[in-house]
Amino acid sequence: MSEHKNTDLTVTDGSNELDRFPDPGMPEHKLRMADKDPKAAKRAEAQVVILFLISIVGTIAMLIAYFTIRPDGTTESVRNANLALGLGLFFALMGIGLAAVHWAKTLMSDHEKSEERHPQRSSDEVREAAVAVLKEGAEDSGIARRGVLKGAVVTALALFPLTIVVPLISSIGGDWDIAKFKHTIWRRGTRLAIDPTGKLLKPEDITIGSIVHVIPDVPAEERNSHHWITEKAKAIVLLVRLDQSELKEAPDRKSWSYDGIVAYSKICTHVGCPVALYERQTHHLLCPCHQSTFDVADGAKVVFGPAKRPLPQLPIMVDDEGYLVAQSDFDEPVGPSYWERLK
Amino acid sequence: MKALAARRHHRLTPVVLLLLALLVTGGLYAALAPTSASADTAAVDDIAAGEKLFLANCATCHGVDAEGRDEVPSLIGVGSAAVNFQVGTGRMPMQMNGPQAVAKPAQFDQEQTNQLAAYVASLGPGPSTPTAEQVDPALGDISEGAAIFRTNCAMCHNAVGAGGALSEGKFAPSLWETTETHIYEAMLTGPQSMPVFNDATITPEEKRDVIAFLVDQREGSAGGLSLGSLGPVSEGLWIWIIGIGSLIGCAVWIGAKSS
Amino acid sequence: MSTTQAQGPVAGAADYLDQRTGIATAVKGFARKIFPDHWSFLLGEIALYSFVVLLISGVFLTMFFVPSMGLVEYTGPIASMNGQLVSEAFASTMKLSFEVRGGLLMRQIHHWAALLFMASIVTHMMRVFFTGAFRKPRELNWMVGFILMILGLAAGFTGYSLPDDVLSGNGLRITDGVIKAIPLIGAYMSYMVFGGEFPGADIIPRLFTMHILVVPALILALVGLHLLFVVLHKHTQYPGGGRTDKNVVGFPLFPVYVAKAGGFFFIVFGVIAFMGATMAINNVWNYGPYDPSPVSAGAQPDWYMLFLEGSLRLMPGQTEYVIGGYTLSLNVLIPAVVVPGLLFTFLAIYPFLEAAVTKDKREHHVLDRPRNVPVRTGLGVGFLTAFIILALAGSNDLIATHFSLSINAITWTFRIALFVAPVLAFWITKRICLGLQRKDRELVLHGHETGRIVRFANGEYIEVHKPLNDQERWVRVNYDAHKPLEIEPREDSRGVRRKGFKKDQMLQKLSRFFFEDRIEPVTPAELAAAHSHGEHDQLESHAPAAQLAATDGGAVLSDHTPDDHGHQH
């Protein structure tokens, strides 16, 4: 109804039917081989039967394979069992599929039929009747007159979902303490250990050009927990030794390295992948996820890719027993940026 | 080696492994003992022959004193392991400059390579070529190796050693064709972009575990064709080629009029 | 019905059912319902069937999968995992792959079917888009399909992470990083998703519920709605003789489509089974159990998420800002939120946009040939180009290793290509469409080239053209070339500015962009004019008098007019 009122914009298609070619109607139907020749029909039928037979054989073969092939766990035996079962299934399915389609194509009627369409729009009478029914119902309920009742209904319906949403939201985020993003378990004196073996490190273990993936040294039994995995996700560190002459250090961070050994967070400042591809000759660290590249010799600054900030540096030193230890926690949150990062 | 690896998951594995280890150790001893006896006298000849080869093939870039220059590294103190790796994999002598030296058919046979290695090793102490026992995958612990490989190697070389990209056209090569000795030497010496994994950070036993893991991966995938073990990208490519491709083919057949 | 005597068990059962449901009415209506036949109409069926395969194989997998992050020591046949600390989710994935016979096949079938599900949704959407099947009355069904695609992404994403391996764990970590970048609420949303800090101990059970309950239930419901609309609207059909907006021409549901479509289900399942049997997919034992430290080269999501990965990879990092102490990571927000937002918004609103610029209120059931709507086709190709460039950018490391290129150079190339290539693709496609339309006109007006060259007595050479038959012509002339909208002037006759002029003006501009360049279909008058003034006429009038020598194929032109010749072939 409203579409007729909208005449600000006029359509100028001018599709005058006289300018058009007439519809030639449906093309002539061509007979198939199977329609003309009973032998061809017989042949097609045989083909369909054979395809169904292939399916039956496939099913049987699959079942036989299931009961007879027992892989012993080696890659090859599992692969063979998988192949046997899968190919059996393939033939069981494909046989049915091809048979059904071939049957439909060659033996079922291929005379195209035409069916009329009707506009989606209801007729005006139906529309009017529908509106009348709704009006009558609304009138009957008196929703329009009873303002307070209307308000009560709306309020009650709007409020009740809170009974589910509030408990859900308050529990779903654990303790909601996002300040945890700012801290890791590195403390002054925490020893550096090799990931995943847990072996402790001395400066002389690290030669120029080598890289060590490091975790904080915690007792082995503590490493079997989710708490550890979650802490490890923030605490992993890369240890690299560079020639002192190649190492550029900010004045305030001169004391953060030890004899050319520097420690940087392994968590990318972009979206948090472990940045782990170390190119010894260029001192570049490359993230395999999005190719952010950091220069370890120059404060782990970004030299390429989607990260903005350098990797946070872990200040390190050597303890009384000669082991490498942290001087403190990181002085900034590790990993990807978030809104309150600097707050 | 493949047949061995295939049996490794068997119940009797420990027994077989033990027997095998004994056999291999014995065999190695038998094989190595006579050469080590004549090693001292042979060594001098090897170094001399190696020096000749060096002067003819390497000195142009590395210098007659092997001290290197500008971009070319010094070879003093790199040890026989580095030479055996670089020359044995055909990376050296380098034919042309590129983002990195690539493996190609080796220019020298094993004897010449050994002579070169002996000469370079004589220039200064450095990591030496591992023994056959040090790189024997049958003696390594695959599971330990998997854990170490995952943390230290997979980021460049891919989870099962299929290789991967580095920056500026450099790359970490596939490890499927690399010999056990060369894998060991690469870890030990850190060729080109690769960092050094010395014996303090990854012990010789752990290096052997890594080799055992890598050799185990050569059996391929349990699920069928490995599609290069490149992960979801190659899987995605194949679903379009095989999956959508063949199904559109079938759809065209279904939609076409029968003759 | 109730009066019919039941004969035999089938008739008895039918009678029983009908007396209680009146099902005969539905059977009568449905059994002979007409569906048009075309291969491209089966693309949506691939999606439907791969979803059914997902349900079947998924139920199998849930029987063995343990959605728990509880830590256990792996003891099983796989040597490379022996004794390692893994989550129960990972351990059960290993168990169902290696110890449940047929489990690995089902797992591979499930994953291949998931990839196929998304691939077929995309191809189906392409078919609907390029043929204009989304036009009235199907705009709403386009929206339903669009939401189904989004749900497909959600299903894939939630399922991908369930085995708790290193690859998918790093995927989750990237997700966490993207969530954190959302201004104001990002950090809290990260807590909401993971039940605390990443990775925590909750994410796998949560994803599991989403993956096997919420998302599939929604997909199932919307698939039902999607198909209901198809029944309600009846299927669209390609243009051709006897096919109009008022009818549907094709084959009856029973038996032809029951056999064809039913058979196709088995074919789709068969192809997936073949892939599951022969091609390894997502070998989680290669990646190892999730641990926050490792990552492997080739860290990528499944193909349908690659465009997001590529988008993240292409974005330069300079765009992270600190405003008043708060961090705004545009280097993450633009590629991970804005880019997909724009792409998806374009898809979602396109039918409404096109309806606005055509002001076409008619129902359309005959499909467009893509060439006949050059701008739409161009936009579609431009969109796909952008999508493909992003997906390639997401694979840049593999491109680098396989083609010996520098990853940095590839990244820069794609950064530029993302802006240039879609525009170029749009322009080229539009030109090709217009060219094809001109070619159609040419064909209708002058007929097929026959390759037969004849020479007139005066030395002039001419090629004999064979006119199109009615069916061939009809396909090429039966379309509307929309004209740009004309709007009422800014001021009415009394010089009063009218409301809504600005909006109309914008629509008009958009409409011009769409329909400025257009090729009108040939009218009967034009054809008649071509016949009476064209070379045919020339040939005809000269033919009897001239001594014609055929120079090709040895055919000699006799007294027949060229038209007669044409009909003989």
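Per-chain numbering from 1; labels A, B and C assigned in written order.
Everything that follows uses one rule, which is that contacts are C-beta pairs under 8 Å (C-beta built on N, C-alpha and C of every residue); 3 or more make two chains touch, one makes a residue touch a chain.
Worth saying up front: this structure is predicted, and the values here are computed from it rather than measured.
Undergrad: Is the chain-to-chain touch network here best called a line, a ring, a star, complete, or other?
TA: Per interface graph, the chains form a complete graph.
Undergrad: Can you identify the chain nearest the overall CA centroid, using each chain's own CA centroid?
TA: A
Undergrad: Applying the contact rule given earlier, which two chains have the most C-beta pairs between them?
TA: A-C
Undergrad: Compute the distance, rounded to whole Å, between the mean C-alpha positions of chain A and chain C.
TA: A distance of 20 Å separates the two centres.
Undergrad: If you average the Cα atoms of chain B and of chain C to get two centres, how far apart are those centres in Å?
TA: So the centre of chain B lies 45 Å away from the centre of chain C.
Undergrad: Averaging only over C-alpha atoms, locate the centres of chain A and chain B and give their separation in whole Å.
TA: Once rounded, the distance between the two centres reads 34 Å.
Undergrad: Hey, what residues on chain C touch two or more of the other chains?
TA: Those would be 37, 77-78, 97-98, 104, 108, 260, 263-264, 267-268, 271, 276-278, 291, 293-299, 396-397, 407-408.
Undergrad: Touching two or more other chains, which residues of chain B qualify?
TA: Touching at least two other chains: 8-9, 147, 151, 155-156, 164, 166-167, 172, 221-224, 250, 254.
Undergrad: At least two other chains touched by the same residue of chain A: list those residues.
TA: If we look for residues of chain A contacting two or more partner chains, we find 72-74, 78, 82-83, 86, 101, 105, 110, 195-196, 213, 274, 276-277, 288, 291, 304.
Undergrad: If you look only at chain B, which of its residues touch chain A in the complex?
TA: 6-10, 147-148, 151-152, 155-156, 164, 166-167, 170, 172, 190, 192-198, 200-201, 206, 219-224, 250, 253-254, 257-259
Undergrad: Which stretch or stretches of chain A touch chain C in the complex?
TA: 3, 8-13, 15, 19-21, 23-27, 66, 70-74, 78, 81-83, 85-87, 89-91, 93-101, 103-105, 108-110, 112-117, 119-120, 169, 172-176, 178, 180-181, 195-196, 213, 215, 224-226, 229-230, 232-234, 236, 266, 268, 270-274, 276-277, 288-292, 302, 304-309, 335-343
Undergrad: Quick check: in the complex, which residue numbers of chain C touch chain B?
TA: Interface residues on the chain C side: 37-43, 46, 77-84, 97-98, 104, 108, 111-112, 115-116, 119-120, 123, 166-167, 260, 263-264, 267-268, 271-272, 275-283, 285-288, 291, 293-304, 306, 394-398, 400-401, 404-409.
Undergrad: For chain A, which residues are in contact with chain B within the complex?
TA: 30, 32-34, 72-76, 78-79, 82-83, 86, 101, 105-106, 110, 194-197, 201, 204-213, 240, 274, 276-282, 284, 286, 288, 291, 293, 304
Undergrad: Which bits of chain B are touching chain C when the two form their complex?
TA: Contacts found on chain B: 8-9, 99, 142-143, 145-147, 150-151, 154-160, 162-169, 171-172, 213, 216-217, 221-227, 229-240, 242-244, 246-248, 250-252, 254-256.
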